[in-house]
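Since the structure comes first, as structure tokens, the remarks are kept for the end.
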């Protein structure tokens, strides 16, 4: 660990919001800047511990119910690994469509049943608002692992933590979001979280896939400068963080329209010549063709490291809500 | 733990049937009253341990093969949690329909394979008698987690243990079973187990869903008083345990008939005004509308605590058959 | 353990190929005779440890991503048990068809994601060559648990280890393979591995299911005597190892042809009267009717013990590639 004066993180003792024991993690809206600094401080310590010793017994004896109503290999595996690296155990519940849910059991009854067995519940559900319903029913902490087009707060936290770890700061950065900015909950949550810091946000998308007005209004209310573009050219040279998302053909009524624009949203080594050396390219994964595999070995390609930071953030959150951070 | 004279349980040393090491748990018919007292004594200790320290290493190094040929989130999660709270590990086998079973492997070969890897096998299977077949094939202990319309002994044990823990006794109780008493294996097994104690049993059901004669004959042979009703009114005031099950529309040939009776089998706060304060309402879950969610906060609503008692009973059984109780 | 002079295994210190840390296990072709002797030495120690103490903490804190793109209960359970008996943890990923793979994520991206969470990856995939692709993408070790009609090296290793443990040697043996020798990758890999030792190989199959010429050529190049037969009669008395596989009806264009030959490839107690007392019958399982269940209690029936040897071999491989053997 760096000494205190070098550390980009607040010393632990100074945080006024440190009491996370028993809390739910439902939405990015519940966090202020001090919260993020605290979470990232714990996540950074988790990173150090994993790099030094791999696994440790901070949550030995604790049990996570990993309740996935829709499949998500990455998120599910990440929470499982986070719990196991902290010495805890997991009840994997992946095939909910076959389960008592299909017999008509309500989400609240399922959650109240699972909290009889487990110490914390991670919930992935296709319907917006499910996590809040589950949290209200449960006495034990619930972590939202994505509920429909609603929230996926741990994704937004890991995205922000990635920027912090890779670039050492969250202030004074130009973040460019590229691709489908209309339907991607990832970029909405990220824009909201980043608006707690001094950033400049660029949005590059096809006209029909622009960042929704409601998100832009929220961000503007925090005094964050935003600008919209249809191509990357102008903003790439100033970009510190390029956050890429996929433009799906199905979003276009006219396939010809898709064919016309798709090339503008693909990242490859040639295009990246115009970018700084000190910047990062991120992607929530899975990617298809929007980032060329030829770019994977470039040091600026941060998307697999991003997965790893997700592990540390989830370890931090589990430890915090179980009162062990 | 209460002192011996206060304890509702037999002191451990006095049980003549304590040698459960390596035994199979297949049917409620295998238990006598002393067995139940022993099991519940161990389960009560498990409850105390979980409440005090959450998890402990009684079965550290032991492996459970959790073999589910049909889905049951609650039962599967409960056994997983039971093993993990005892420090053991689990091999989850949930997607058996995709597995070698579909290539034609027989249940006996599957079980003989799994016992090469695991120390104990929990089996859920859609066909009656499967658990006995598996137990015959395996050298290691097999626990029946439900085989078709046959047995689900751990459910019956947890139901009985719930009554014991909640009311402090199993003798001198009036137990009223409500709803579909014809098709529910839960109430059949519970009636059989309770007939080992001094209880009075009331059966309240639509005429077409009455308790089967064979169960009533077995219970009568033990000298247990039984009475049948079509509405709850008369027996609710004397009831110590109200065991609710769902009346399914599909059981009725004439939908009008269902509509006429369904209201008589729904529990809500208004109806429960006629019941004692010192009594409990149970349900095997999942419920649909047969118990109003408005009743959930009533202290007599024991159905979620029932889930928790299931954890302790399964911990007890695992420890016992692995020689650690 | 036997003293050194009695041990059929090389003393550990003498192996020149002992550095397995971080290595991938992809193909039987990567092993020489010294490698096998080393692996079997470690597996034999694992057997002793499991028999003595069941489970031990050699891989405590290590995490296995058990990535199955197609179901295989036995192989998946075996790797899970192997990791758990060594004190490690498992991320089970069984329902890949629902996962991000279906959203178009490539195998390489999946593997690069999972190695952010886990220390070793076991991969089962329907396409030949997948394991090599995964191993190229991953920095962490990949173990091939079967890729299409390609390789299934841990099966071949456990088959060979079974012979070693049961008969005490791999030289000077007559091994007879029976059944479908054309399509079974098991017998192809086993023939290749055994050609590192001084064996005689007999192939008994219907004419249309003969051992492929390419495998026979490879084996012949090592100077191993081979002979083909259409019935077992002549070779059974001299056989030390009878390796049985299933003859599937669907392989025959003319069902009458299948009916004519099928009886020649079924093992039962009567037929086995012609075999030695000191020999073993093996089968990769699942079996259907090709070995009568009446034979299961014969001491020569080694097919369930074979499953158990698989556990020890997989424990050995996991420990080796994680640098702990």
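For reference, chains read A, B and C in written order, and residue numbers begin at 1 within each chain.
Keep in mind that, in the parts below, a residue touches a chain if its C-beta (ideal position, glycine included) is under 8 Å from a C-beta of that chain, and two chains touch if they have at least 3 such contacts.
Treat the numbers as computed from the prediction; the structure is a model and nothing was measured.
Contact with both subunit A and subunit B is made by C. Residue numbering shows that subunit B and subunit C use the same positions for less than half of their mutual interface.
Between the two copies, subunit A and subunit C, the C-alpha superposition involves a rotation of 120 degrees in steps of 5.
Note on chain placement: the centre of subunit B and the centre of subunit C lie 41 Å apart, centres being C-alpha means.
For subunit A, the set of residues touching two or more other chains reads 92, 94-95. Per the touch definition, subunit A reaches subunit C in the complex via residues 53-56, 71-74, 77-78, 80-81, 84-85, 92, 94-95, 285-288, 293, 304-305, 307-308, 310-311.
Against subunit C, in their complex, subunit B makes its touches with residues 60-63, 65, 89, 91-96, 98-101, 103-106, 108-110, 112-114, 116-119.
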